[in-house]
Amino acid sequence: MQNEILFTVLALIAIVSSIVMISAHRPIDSALSFIVTLISIAALFGLLNASFLFVVQIIIYAGAILSLILFIIMFLNIKDENLPDEKYKNRWLLATSVIVAPFSAILIDLILRSDIATNSVPSESFGGIKDVGLMLFSKWILPFELVSILLLVALVGAVTLSKRSE
Amino acid sequence: MSVLAILLLAPLVSALLIFLINILFPYAKQYLYTFFALMGSGVSGLLALYVGYYSYFEKEVFISHLFTWLSIGNFSIEVALKADALGSFMLLFVAPVSFLIHIYATGYMDKDKSYGRFFAYFNLFIFFMFLLVLADNPIIMFIGWEGVGLTSYALIGFYFKDIQNTYAGNKAFIVNRIGDFGFLSALMLLFLEIPSGGFSFSNIFLNLAQMEPSSLTLIAFLLFVGAMGKSAQIPLFVWLPDAMAGPTPVSALIHAATMVTAGVYMVARFAPLYNMTPEISLIISYVGALSALLAALIATRQYDIKKILAYSTMSQLGFMFMALGAGAYSTALFHMFTHAFFKALLFMAAGAIIVAYHHKQDIRELRGIQLPKIFKMMAIASLTIVAIPPFSAFFSKDAIMGALFVNGHVGIFMMAFVTSMLTAYYMSRMMFVLFFSKSKQEAMESPKSMLFPMMLLAILSVFAGFLNFPEVFGGNMHISHWLGLPDRAVLIPHAKELALMGINTFFVLLVIYNAYRKYAYTETIVTQHNDGLVANKFYIDALYQRFIVAPIAIISHFFEKWVSQFLIDNAINWSAFGYFKLGEIVAKAENGNVRLYALYMLFGVVFGFVYLYWSLRGAL
Amino acid sequence: MSLLSAIIFLPIFAAIFLFFVHLHINLVKIVYMIVTLIVAYLAMKLYIDFDAFSSIQFIEHHGWIEQYGIHYHVGVDGVSLGIVMMNALLMPLVAIALYKQRDKRGYWINLLFVQGGIMGAVLALDLMLFYLFWELMLLPIFFMIGLFGYGKNNFISMKFNIYTIFGSLMMLLSILYLAVEHKEQFGFYSFALEELKNITLTTTESLLVFSGFMIAFGIKIPIFPFHTWLSDTYRSAPMGIVIVMSALMAKLGTYAIWRFLFTLLNETSQELAPYFIWLGLFGLIYFGISAISQTHLKRMFALSSASHLSLIVVGFFIYNTYGLIGSSYFIVAHALSSAALFLMVAMMYERVQTYTIDSLGGIAKVAPLFALFFAFFALSIVGVPLTAGFVAEVLIILGAFEYDTLIGFFAATSLLIPMLFMFKTISKVLYGETNEKTQNFQDLRAHELVAIIPLALLILAMGIFPNYFIQKIEPTAKAFVDKKEAVYYE
Amino acid sequence: MSNTFIALAVPALLLSSAIFILLFGLSSYYTKNRGYFITLATLFVSFIFASLGIGTKFSMEILPQIFNSMVVYDTFAATFISLFLLGGFLTLAIAKSFVDKTDFFTHESFVLLLFSLFGMVVLTMANELLTAFIALEIASMSVYILVGLNRNSLKASEAFFKYLLLGSFSASFYLLGMMLIYAQAKSTNLDAIAEYILHTELHSQLLILAGSMLIMITIMFKIAAVPFGAWVLDVYEGASLPITAYMAGVFKIAIFAFTLRVFLQDYITFDSVYDPLIIGGAVVTMAVGSLLAVIQTSVKKMLAASSVVHSGYILIAFASIGEATASAASAIIFYLFAYFISAIGAFGVLSYISKGSDKLIQYEDLNGLAKTRPIIAASLTIFMLSFAGFPSTIGFIGKFYILTSAIEAGYTALAFFGAITAFISIYYYFKVIAHLYFKEAEHVEVHYGYKVSLAFIVISALVVLWGGVGTSLLFDIPGINELNAISKYAVESLGL
Amino acid sequence: MLKAYMILSILLFSIGIVGLISRRNIIVIYMSIELLLNAVNLSLIAISADLAESSAQVMSLIIIAIAASEAALFMSLFVVLFRNRASLDANLFNILGGKK
């Protein structure tokens, strides 16, 4: 019961803050409300006993990535008058929402109709770092290694693109 | 090689030789051409006499098989020559007359730049004419038939520097081809009716009885359409007056004596067929009568000496068709026989006048010409054509009148009678205007090479009639018996025949006197007004122009401009153009805005899911 | 390499060789002459060795794309023989006549290529092989028009190309459909003519397959209403390719009707025959009348060709012995006449630089030989007796009358309509007074005579002694008709 | 050599070579030429390795204990890997002038190229959704960066931006789809999913349907099917020519390799559900692609638009997979080969004549090329003919297989539409030929140099021709039959 | 409970799509993409909890890593774009496209 209430609250926060994120005029506002979304999602992770992922979410997302975004926003230092003049922003938002509505409605309907829930009881160690780590290094070793290459690619790419030409 | 093959090929060989000389040695001497030309026609002329002799006296039928033209399955078309009585009879006047006109032409065409070319065509013409006459097979006959048309076309447009002459040639060939269209269609239908045994005349006639009457009628009619074209009958006669654009020997040989009579010959050839289709015979009679009357009427108002003769030819051919329609085939052929002589003579005389007076052809300008020899010859020919006894045409025309009288169609007979009066009128008019005038025009007489053949022909014109001396005068109709054609005409009682002759001659003389009063030593021909229906040839050329030639040009333009280009091609081009426009619209959607691209993706996603949901509607 | 392959590939390989090896233009012409003469020699050999009474012969059969049952399968029979002979004969003659006018390597290379392509298409007995050559021969034509054409040649060659490829693609679909059907019914793919004719199709299927083929053939021939590429293309194309198109390529379309449609879809062809006969007759009259108002020689002769080709189509669809023989004879006869006439037009253009009828005149006076041959070939197009066209037309008309009297009459109008414009043309071009363009008109030169005299003699020979030539076609035609009747009476 | 060794060696070689160049590029011994040849050598050697697996039928999981059945190596993979390694090799070989003349093509570019090929290799072998996704991302990201290499060019950076943005967008659909499938099937292994589908009813497959729909959307995005392929014109235009060739020819093959695997293993059961969608997609793709292609004035953009059309053709074959599995699948492989060799050749020619510059080649720029550079013009002509599906080129055989498979599957109307599109494509492909041969240009003596690039262009052209008519009758060189056999084996090795 | 989480995740995903398409500011667009990935992650964790099996957690861990690499690219994108055009308005980048 307690979980349900918490979930509802967090879900509401996540949704509201994400809506604020996409509708705020200034990117800095968006970024700040996005942090709220990320943290509420992290909280939901916690609610689901995924403690390790909770930590990762906070550190990487709310910590690293968002800092990076904020840093970029500050670094580029876009003045308000230089921001895109989004005259029809609200109409766009509304129209897109209408368009996307069937998609979400159908997906939600399919989810509701499907028989996915098993409601297994998790073990003690579930969601902990050891549990996840074991899984990562046993079953998912190949994707893990590949991701490292992916990061390398991104790194090389970022360097290639960002460095000033001689 | 058989006689017939030599007879046929001699003119061809000489034509080819002349042609080759003309190409290879452009500056060859004229006598070389003369030699070959006369050789070719002379050889065949002699052989024709030979064939005629044996055919007449020995009843011999000459046959010569050359090669197989076509053989499909068990049906073959042979190139075979056959000179039966009819063929020999044709040869008998075609070949000698050709030869005579050749001689005449050597004089007429003397010093002409295209001397060689002329004789090449001329000999080629004789070849085709012989092929037409001798063919034992309608298809081969058709080849000759078209061939004479072709050479006629070439000769009409002989003086091609004036493009109008070549247009006249075109007109002749095109109108002839309309007839040929009928002829060939008839042959095809006939061919399909023959079950087996080849497509020779004899075999066709053998099988006539088994054929359906309706298809026989159609075939007979179509054949006659062919004859109409070649023999210048209504409505396909318009080419003949224009064909006078050619050199006069051409008019004499092709458009008077030989080619134009091919239609008559062809109908006579198919006599057994026409005997089975009386209704077509009647049509033939009527067409012949109308043509004769119309041509005679027009001739009374013509001023061009050759055109008068051309209409006269048409008119005489009308007589022959009347006879054919009445079933008097041998009578028609006999008239053709005499006609060949006197009409050739008339033309040759006209040619002599034209040469003498520096290519003047208008009788108004030729008043009072002074050519006594020519006058004599022309007078003989004129008397012949108006059928004054005892000139040859008297017998032949009279036989026709008799046959028509007996045949019982009063309308036709009356038309024939009126025509014969008109003939007398226009011939006298021409003669009196030319020779009986107050003004005098002196000129050189013609060379011997022109006069000699004319004399021969004059003699023939006078005496040829005796070959078929009617029984009423104690004759025995040699030619009719020789030909042995299946004549339908009943014999006319002698008393009636004599009365007919008398009345006819009386009226003719009356008309001549009338004409003398009107035209001899007067200025009537100049002062006479010249408009109205008859003078304008009943507006027939204009009608053809307005209702056939002009519409075809308009339709052609319409097809090409409006249907092909505007309708079809534009539709294709516009669809391509529209496609480009559509492409530009699509390109506007791909305008480079990345958010729109994302939106399109979203559309795709939403559509996919809506589709998925819809397709799962049963399972949910 | 055996005979047919040599005939097909010798010109193609020669073309490729000439493309890569830059020879002097005179050498190119010499190679062209040698190759085409060899082909002509081989074709003569083929003609002599050809046995009229056996059906398809000189067969070569090799695997090509095995999984799909596509074979290199060529052979010759009475009908294809005619086109092969024409192709082999015309190519050297074209070169003899035009060699002085054309000093571009590409011209001769493309002509060689197109010769090979047409040979291949005519001789192919495998549908895929046929399609290959059918498309391949387009390419040189496309290049020729684009490279050496007149006027808006780019646009026109593009339009021509797109137009014809549209047809080809429709045919491709039909071919593929047949092959797939063969797989459904017999368990394996096949593109061989002999095997594909065994499949059974429903009415709708065969109608669709038929129309796929027919669109391709109809465009190539062309029959109404697919003709709008025609007059512009002929007008714009250089003469070598005009000759190829009118004398060979268009004939190929009609040939293909017989070879493929009558073999594969015999019953459908019979059912649809009346429509195509009427369409052909309409085309005969329509094109003929359209030609009357033309003032451009090439356009006029283009429409005239179309008119006659419609008659050939009629002859084929009549589908009796006379019609088939007549049409196949007409294919050859018209190839000769139109090629010769277009050659004459080319020679004329070289001298006066114009194709407009109205600006000519009086040529007969200054160039009697030219006039003679021009008139002769023009008359042979009209189909006067003693020329090959006459024999063919008579046979087709005979066939038409056998089929139906009314159709016979319409077919017989072919005696009339071409005449209407041809005689006007002869008059305007050859006769009348000379003008400043034509007064210095040079008469035919020796090499030009060498090129056209064989054509003239052949036209005459085929017109006077048709039996000798028809014996090569007749058994094939009879076999087809017998088969049709067998089907009919079943 | 065992297959396991090859399976490991090929990606390992690519990877190690990439890392080697990355480090080597920092040293003073590094010159661009050395980097270039090392890359070429790597590609060639790995191609040789991979091609050992062609033509025999085998299928094995690579180190199943360690990699947990996430990757398999079979003839299918070997065939595709050889294909795009060859493609990469040819692209790079032809692009020598581009490599030399551009300063932004640094050693990192070689590295990224090798990384992208590595990603593709893994993608082809992947038998698990997440592995496939990462491999796809490795390849994609490398390509994103390659597109944006010329960071001073507005066009290139814009293309990079659009590609990255939309690519990430579409990738998130993949992830959502994977999540839904995992939610239902409790596994992301393709075999396991197939097993699950086989043993359950439709009502417990709902999320798999939805998920596979989402994954399909990503694939559609990558192969530039309408309406997901709107990026393709912009990105192809913005990217440098060799990169465009690489995307059009090589990358697409890898995408299709994965797609084909997924289709043949999982989707095929939902055939009836997806076929209408794929057919619709094919039709719209072909229609829009050819509409865009006809109006272009630049050859490169025309080729970009036409690559959309070619994707449409391949979608025809995909639609036919359900009913005519064997012929459709091998038709796809053959067509991919046909398209890639022609595309690499065509873009290579453009790159060759633009001499590495950023210039957008217009039709007019080709004028008169036949006079000055007949060999180049002839090669480009051959490539265009192949694109247009003109007989005697490999493109025709490819189209022939595709249309045949469509008809065999009963989609005659679809084949008809394909033929119509091919007919329209005649216009824009022949326009190139027309400009090459028919239009005159003021004669400028241009020295292109780079005989090697030229040699590879000509080789590609010969391959295109040989693939169209080739038969072992004439010479003992593998021709159409052999290529066909290879694709057959590849398909069969999937164990169907 | 799993379905509730998944529905939430779908909703967040949809919001992300809306943001991505509607906004012109590239930074906001980027954040929308991150939201999409987070939405997927949320569901994965929920599934993992429901299954009591941590594979899905590993997946979401890997997705976070992918997101990080994407972040790197986007950062450099911002730099490149801003350097070239001094703006981050998505609408401004339209020199390419299907037009002629």
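When the chains are written out, they are named A, B, C, D and E in that same order, and each has its own residue count from 1.
The rule we apply is simple: contacts are C-beta pairs under 8 Å (C-beta built on N, C-alpha and C of every residue); 3 or more make two chains touch, one makes a residue touch a chain.
Computed from a predicted model, the values in this text were never measured in an experiment.
**Q** What chains, if any, are shared contacts of chain A and chain E?
**A** Chains that touch both chain A and chain E, as defined above, are B, D.
**Q** State which chain is most central when centres are taken as means of Cα atoms.
**A** When every chain is reduced to its C-alpha mean, the one closest to the whole-protein mean is C.
**Q** What is the distance, in whole Å, between the centres of chain D and chain E, each centre taken as the mean of its C-alpha atoms?
**A** Here the centre of chain E sits 27 Å away from the centre of chain D.
**Q** If you average the Cα atoms of chain B and of chain E to get two centres, how far apart are those centres in Å?
**A** Measuring from centre to centre gives 96 Å for this pair.
**Q** For chain C and chain E, let me know how many angstrom lie between their CA-based centres, rounded off.
**A** Between these chains, centre-to-centre, one finds 65 Å.
**Q** On a C-alpha centroid basis, what's the spacing between chain B and chain C, in Å?
**A** Distance between chain centres, rounded to whole Å: 36 Å.
**Q** In chain B, which residues are in touch with two or more of the other chains?
**A** If we look for residues of chain B contacting two or more partner chains, we find 584, 586-587, 590, 592, 594, 598-599, 602-603, 605, 609, 612, 620.
**Q** Counting only residues that touch at least two other chains, what does the list for chain D look like?
**A** In chain D, 130, 134, 137, 141, 144-145, 148, 151-152, 160-162, 165, 169, 183, 203, 206, 209-210, 230, 233-234, 292, 295 touch at least two other chains.
**Q** Identify all positions of chain A at which a residue touches two or more other chains, and write them in rising order.
**A** Counting only residues that touch two or more other chains, chain A contributes 96, 100, 103, 106-107, 110-111, 113, 116, 139-140, 143, 147, 150, 153-154, 157, 161.
**Q** What are all the chain pairs that meet the touch criterion?
**A** Chains touch in the following pairs: A-B, A-D, A-E, B-C, B-D, B-E, C-D, D-E.
**Q** Flag every residue of chain B that touches chain C in the complex, lowest number first.
**A** It is residues 23, 67-73, 117, 139, 142-144, 146-147, 150, 157, 160-163, 165-167, 169-170, 173-174, 177-178, 180-181, 184-185, 188-189, 191-192, 218, 552-553, 555-557, 559-560, 563-565, 568-569, 572 of chain B that touch chain C.
**Q** Which residues of chain D touch chain A in the complex?
**A** Answer in residue numbers: 15, 22, 66-68, 70-71, 103-104, 106, 108-109, 111-112, 115, 118-119, 122, 128, 130-131, 134-135, 137-138, 141-142, 144-145, 148-149, 151-152, 160, 180, 183-184, 203-204, 206-207, 209-210.
**Q** Using the touch definition from the top, list the residues of chain D that touch chain C in their complex.
**A** For chain D paired with chain C, touching residues are 378, 385, 390-392, 397, 400, 403-404, 407-408, 412, 415-416, 419-420, 422-423, 426-427, 430-431, 433-434, 437-439, 469, 471, 473, 480-481, 484-485, 488.
**Q** Would you mind writing out the residues of chain D in touch with chain B in their complex?
**A** Spelled out, the residues of chain D in touch with chain B are 161-162, 165-166, 169-170, 173, 202-203, 206, 209-210, 213-214, 216-217, 220-221, 226-228, 230-231, 233-234, 273, 276-277, 288, 291-292, 294-295, 424.
**Q** Give the list of chain B residues in touch with chain D in this complex.
**A** Per the touch definition, chain B meets chain D at residues 579-580, 582-584, 586-587, 590, 592, 594, 596-598, 600-601, 603-605, 608-609, 611-612, 615-616, 619-620.
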